[in-house]
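Here chain A shows up in two complexes: once beside chain B, once beside chain C.
The block that comes next holds the complex of A and B.
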């Protein structure tokens, strides 16, 4: 789904309405699974199209802190993507829990700082 | 603007009804409505206007008071809802294992409740920011304590305070105590917020 220079990734409709734990070994719909199987691919598509990637966080039952940290902090820590380039590329939408957006940016910055 | 024009309209209507009432009373020689035949019409209008402004202001003040009390009751209801959700979270975590989806759901419901209280305070221009920030700080801590698992799993070392096995968070006794402490702090601040709003 692409809307005027913006590729959208909806966690609820494209991944799961019940995001799970941090690692695949801990259970279904983990942050690791989301990052490796969905997020990285979407980032590549968005980069090719020179789009920004909008991650829609609404519509799920809620997020564990470790899911978000592994999914987004893991982009820097494990996928080797620069945190500055993520700041230019990523956008988040969360009308239900707006505080999650600040948290995610903190995970990305922290992962960059401790890399 | 719409509300102001409605109020002016209502005022004019009341005024006309009152004047009509006085005139009818005068025509029918109703004993309670007596007027000096030498009374200056300007003075009469001035007396009537003063009486009506007095009544109208009284009605407006009562209306505003009702509106404020309704808002206050609504906010207190929201805070009670937050307290219930915090209590539910504390009860659920005290059993030392919670499915990941359930923990996330509990936290989301608390977070949304808190958002709605902050939004209502902003809308009603009730300054409760420092207290709301206190609850938010405790809530952030509870979220970390309940769902932040270690970034690296080191097999062979002693079990961490929090781990996930088969899609369920398992907490150590120390972690459960820390969670309950944080939740009770949040409840105390929510109670302060309730008292603060009641006293406003």
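The block that comes next holds the complex of A and C.
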């Protein structure tokens, strides 16, 4: 769904209310699965439309940090998107756990630094 | 009237028969006399109990401490668990004598359950008796410990243990991360605490980190080979729910030690390999024991110094952060030779070594939750 110049990806309604571990091998609803099967596709759609992608983190049972690191840090490490262009492209909404937004930007920055 | 034979051969037969009967009578009288002496002052119940105990004569008998409380009496409980586990490698059957247990806590229950399962799944006989103390006995009954003693288990990826009692406590074991299960447990807990289903994202996050730690680090050779165990204890009167999470893996410091040495092949590329020189560079000296290492781990200083990455929210520091944000309370950790209570910020080293990692915490109405 698109709102003005934003494409929205809601983790709870489009992926799972119970996000899980880092890798698919570790359990269901992993960060790897989210990145590969949902996030990358949405980024491509948003890029085509010249939209920003708003990732809505609210409504879930809670996140493992490895899930977030693999999903968003993995964009830099594994999908080859540099952290500067992600800063232009991505936005986050987390009213329930606002500190997650800072955490995610840290993961993206660290992934860029240790690539 | 009986006919008496006067024949010689008949007399001989009768005499021989009489001697045989007399011998049997004397033998029986001797046995009866001995048995009567032994049973003087004992009851029929005592006899049955002696017979029951006789079944376990070839078992290694391990006496439980009076206070089977891993948070308050950590050292004694860890020593008790180590005594049980010392029989695992040799395959010696174990009988745990719980009769003297006067108090027991949730952490000890789950450690005892998971240790029992290590024996049961390898087909090594394991048994025990009831504590004489009513409350301690009730907690063990509700945990499903005694029901499980009678069952046989095969090695599986998951176990669900509970008692047949209506107040039964559920214990779950898995090898992989199961976010659905933890979310369900938290929802049930929130009904006890707040009277309605709520989300407690801090607890969910901590449980996911712990499941991941077990999956990734509990076995040095191959990940995903050890079970994590979780029990949830609902105190409906006080509206408090206590969580106990354990894995019987190598423990935090054994895992860290392997990274220092780069022992396990999968750790060769690990960012933590060779962490000790980095510690020395940062803090000016080698760590003053594992208690200090755990403290620096929980504050995130160790991660920052070793990997150069921000600690924010990750692994153990992430769990401590969530406790600090009041997302749960009363966090206690026992791993290898260290015990820690985050509530009063106490870290202490023990003489006994617990092979594994135990986390105990509680959820109460003052903790953060989302409706």
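Simple rule for what comes next: the second predicted complex is superposed on the first by the 115 of 115 C-alpha atoms of A that agree within 3 Å, B and C clash if a C-alpha of one lies under 4 Å from a C-alpha of the other, contacts with A are read in each partner's own complex, and residues count from 1 in each chain.
In this section, contacts are C-beta pairs under 8 Å (C-beta built on N, C-alpha and C of every residue); 3 or more make two chains touch, one makes a residue touch a chain.
Keep in mind that what you see is a predicted model, and the values were worked out from it rather than measured.
On the superposed chain A, the positions of chain B and chain C overlap enough to count as a clash.
By the touch criterion stated above, A:110 is placed in contact with chain C alone, chain B being left untouched.
Which of chain B and chain C touches more residues of chain A is settled by the count: it is C.
With both structures placed on the common chain, the touch criterion links A:20 to chain B and to chain C.
Of the two partner chains placed by the overlay, only chain B lies in contact with A:98; chain C stays clear of it. Shared-chain residue A:66: touches chain B and chain C both. By the touch criterion defined above, A:28 reaches both chain B and chain C. Once the two complexes are overlaid on chain A, the chain A residues touched by chain B in the first and by chain C in the second are 18-22, 25-28, 60-67, 69, 96-97, 99. Interface residues of chain B facing chain A in the complex, by the touch rule stated above, are 100-101, 103-109, 111-112, 115, 136, 140, 143-144, 147-149, 151, 153, 164-169.
Contact residues of chain A toward chain B in the complex are 18-23, 25-28, 60-67, 69-70, 77, 96-99.
Interface of chain C with chain A (complex): residues 176-180, 182-183, 186, 199-205, 208-209, 211-212, 215-216, 224, 308-310, 312-315, 318, 370. Residues 16-22, 25-29, 60-69, 96-97, 99-100, 102-103, 106, 110, 113-114 of chain A are the ones touching chain C in the complex.
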